[in-house]
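Both of the next two complexes hold chain A, though its partner changes from chain B to chain C.
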Partner chain A sequence: MVTVFISVLVISSIGGVLALLLVLSEKFIANYGICTVDINAEKQIEVQGGQSLLSCLVEEDIFIPSACGGRGTCGYCKLKVIEGGGLLLPTETPFLSDQEQKDDIRLSCQVKVRNDIFIEIEKELLSVRQYECICSGIEDLTHDIKLFKFGLAGSEEIDFIAGQYVQLLTPVYFKGGEEVYRAYSVASDPLNKGAIELIIRLVPNGICTTYCFEHLSIGDTILMNGPYGEFHLSDTESPMVFIAGGSGMAPIRCILSHMLNTGSKRKAVYYFGANKVSELFMIDEIKQFENDLDDFRFVPVVALPDPAEHWTGLTGLVTEAVESDLENAADYEAYLCGSPGMIEASGKVLAKLGVPEGKIYFDSFA
Partner chain B sequence: MKKTPEMEKLDNFLRSSRIVAGGFMGEDIRDVDEVIVADTRSVERLGYSLEQVAARMHEITHIAKEGLGVCVDVGAGLKGCVDEAKGRIVCPWPHPASFDKRLTTVTDVESGKEITWSDLHIHLIEEHGFFEGIGSAMRIEPVKLITIIF
Partner chain C sequence: MPISEQMWLMLVTCFSAVFTSNILLTYFLGMCPFTSVSREVKTSVGLGLAVIFVMTATTMINWVAYHYVLEYFGLEYFRFILFIIIIAAFVQFVEMVIDRYSPRLYQGLGIFLPLITVNCAILGASLFMVIRDYSFIVTVGYGFGSSVGWTLAILAMAGIRQRLTESRIPAGLQGPGITLIIAGLMALAFIGFTGVL
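Showing the complex of A and B:
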């Protein structure tokens, strides 16, 4: 019995000493000290070595899109590491194309800063900021889509281009959860710089959407950063076709506000698809743009209207409506926002109608 | 049987809300490998393999996708509806695999029985034999699944 006790004590002591050595070695031997991150050969920041590059940048208020909180699972936080990033890790390769690997693109959450490091970041990302936002309103739009209104705290203002998106930081609200970012297109008028509106659809068991639908209340403060994204109107005068479904309404609503603000005279038609009449929303508001804009037509389309709903508009898939309704499409630019399936199907229809591939812009859900 | 550190880590991860709200295990107190063994036996008792089940789920999702959210006939007296959401979801197992957030809901027109799976479920069943723990909001009951899709 005594032998067993002594053996357990000895083994435990050895384990304890090893753990202590690990802690001390992490503190003193693996202490990388202060390292310099050189950004675009224009700006240098000093950071504590040993952290991920993504964390270092966030600490300096430089926000790189990332949905997974730095776990290396979303593949969004790409940037170019010119020197000092170490070897490409197996955790990065699934998210990087051959060309990206040749171009020294890395996942910033997987690159550990162990020495001075030289990186390139898109200039637009340097203007991304974090905003404290107070929820000021929640409106039901359909059974699973809500409009969330936020006011920016203090006298903060956000400048964004119509069509861009922000990332909402979901706080921990579930045992065993952790903070995650999710991206949502801004749905509000870009002129209203003190507020942000988001149209969010509930994803079953989705971490962020469950938070928004079941936990977020009016008056709550949350964090968002942005703006991000390349989805916005071109500066041509070409006629435009907008195609969207569900929460894909958000960037199109924002773009229409922008057109109104800038007195745009571009011809535009907007096809908005839903499965049932009860899944259409903001119809009157969007219809009003027909009066307010110079040459705009709104075409809501319902796939399977219930006879009791007395739907008199177009029926069928939104892509079928575009195919049958849009004329002289070869001159058009197309702006799409919806599910990957809808984007793909719309692309095929638009190609058939003669819209050049280079003039089809989309904000894919993926 | 004593769990390896890897199994312990996976078990904790599956019970956390790091990938889906509420986790993958629900209130199931069994170890992950016990859940997998029990569900695999259920599938085999009905004369199917995990590969056959996953292949059929793939097939139905592929047909239902064409409906762009509208329920379509996927054959064998079934209607299939696909719903897509923004972003991708990753496999909780420690290997790189991510999937579109796509839900397929299949209804047996005659019986009215209905079942829903995600693209991630198909992978979890095919590669890991995992149908989620009992009490998990998105658990797929193997017997119910097989009864509907075959």
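Showing the complex of A and C:
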């Protein structure tokens, strides 16, 4: 009995002394007081020193992408620290290129706020937020493309410009996996602020697409952040040509909804390419815009239609269709969305048709 | 035991801890950071230095705590708990101090400290020193030698792995798989030192 008493007493008093020592040293040694974080020389926030820069910013509702939760393993939370970030740590170097190191880019989860600190965050990121989304529908579009519908949790709303994209945080779904961010263009109507629709094509062995196709089911909650991207309609009245293939449909569909919402009278033509008739999708829905919009033409193009599919529309590559269908495009603006190969080929054709290089906007996905 | 004899014993223990009974390659303790942080020589140097510092210091503190507290109360069987809380508190404390007062040291060594708080090699060294009944002076040599041996092993491994990045490894063996095989081969090589002492 006495032994038990003594042992408990001795061990807990040693533990207590050590804990007290740590608490005291935390109070006196690790106390950095209140520090100021200066963002883009525009905004100053006051934070308790000693925490990581990332957690300070998150506390202030400034969204910095981070998939690993500040452990320094994902390398997403990069930002520019102009002054006061201290020395570059060995935990950061694997994620930063030589150029980034020269440009004072740091991993914000590894930078500790010990004094006043001056940082630069891209303007675009300041309006980015994280959204909790609940999957509300999954529709097959073709054999490898699906439409995923999400509703924002609570009464959250997302404000985005038609053509922008969001990043989807893929949870860990296989052993040894890591959370990753993947970007997808928003396909839904920008007026519908409580919902996000994505058109996703299955990439063989793709981490995120495999997750969406095989693991995501209706009712699941997933995290997205955004909006990002410079791909959106210009402020002019020039006629437009849209060229897309596969899941490149997404931003164009969104842009068309936006034109309908704003009552745009701009002339537009949309070439949508596929290899087979079975790979075309949303045809009726896009055709409907021909009736609803003032001056819009939809041209689906099939490269190699099966005779059994009785295709009556244009055949050949989408670029060939553009070249033969569109005469004198010198005053057009072009919006391209698709694989890098398709965009490069389309760019050449458009240049031949006289579209100035500065008027070709594209959203390329690798 | 006279002091000169103890000094001699300390040197011998230190040497054997580095080579003949290397804590990593003979006892396979501390494998976790050994496999995960051995990709680059530069980071292994930092980790190695942190291990040398923490292992040497904690074996000394634990020796004092064991012989003057636990033995006094007859509570030797509590050594596991006591050693681990002392190590954890010590590492935390040291991290706080160097984070505050020496950014340069923190950059080189500080960030590795939390990694090795719960390293079994650190606890292992403290336990071996008790089991083998080392005196304080010998313990200093043993703690230092063991950690130097550990650092030597991780440096060798990092050197090999840096070269491995250029070579073709079967998919199933990439990463930890090939690292463990190499560790086994290195352990075999270290057996060659056995006859030295």
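Just so we're on the same page, the second predicted complex is superposed on the first by the 255 of 366 C-alpha atoms of A that agree within 3 Å, B and C clash if a C-alpha of one lies under 4 Å from a C-alpha of the other, contacts with A are read in each partner's own complex, and residues count from 1 in each chain.
Please note the rule applied: a contact is a pair of C-beta atoms (placed from the backbone, for glycine too) under 8 Å apart; a residue touches a chain by one contact, two chains touch by 3 or more.
Because the structure is a prediction, the values reported are computed rather than measured.
Peer 1: Contact-wise, after the overlay, does A:112 reach chain B, chain C, both or neither (first, second, both, neither)?
Peer 2: It touches chain C, and chain B stays clear.
Peer 1: Quick one: is A:175 in contact with chain B, with chain C, with both, or with neither? Answer first, second, both or neither.
Peer 2: Only chain B is touched by A:175; chain C is not.
Peer 1: Examine A:277 and indicate which partner it touches, taking first as chain B and second as chain C; both and neither are also allowed.
Peer 2: The answer is neither, since A:277 touches no partner chain.
Peer 1: If we overlay the two complexes on their shared chain A, which of chain B and chain C does A:89 touch? Say first, second, both or neither.
Peer 2: So A:89 only meets chain C here.
Peer 1: Between chain B and chain C, which makes contact with more of the residues in chain A?
Peer 2: B
Peer 1: Regarding the shared-chain residue A:7, is it in contact with chain B (first), chain C (second), both, or neither?
Peer 2: second
Peer 1: Once the structures are superposed on A, label A:351 by its partner contacts, choosing first (chain B), second (chain C), both or neither.
Peer 2: After superposing on A, A:351 lies clear of both chain B and chain C.
Peer 1: Considering each complex separately, which residues of chain A are in contact with chain B in the first and with chain C in the second?
Peer 2: Correct list for chain A: 90-91.
Peer 1: Which stretch or stretches of chain A touch chain B in the complex?
Peer 2: Within the complex, chain A touches chain B at residues 67-68, 71, 73-75, 90-91, 93-95, 174-178, 182-184, 201, 203-207, 209-211, 245, 247, 273, 275, 303-304, 317-319, 339-342, 345, 365-366.
Peer 1: Considering only the defined contacts, which chain C positions touch chain A in the complex?
Peer 2: Spelled out, the residues of chain C in touch with chain A are 42-43, 46, 65, 69-70, 73-75, 78, 81-82, 85-86, 89, 92-93, 96-97, 99-100, 103-104, 106-108, 111.
Peer 1: Considering only the defined contacts, which chain A positions touch chain C in the complex?
Peer 2: 3, 6-7, 10-11, 14-15, 18-19, 21-22, 25-26, 29-30, 86-91, 110, 112
Peer 1: With touch defined as at the start, can you tell me which chain B residues reach chain A in the complex?
Peer 2: 15-23, 65-66, 68-71, 82, 84-88, 90, 96-98, 100-101, 103, 116, 137-138
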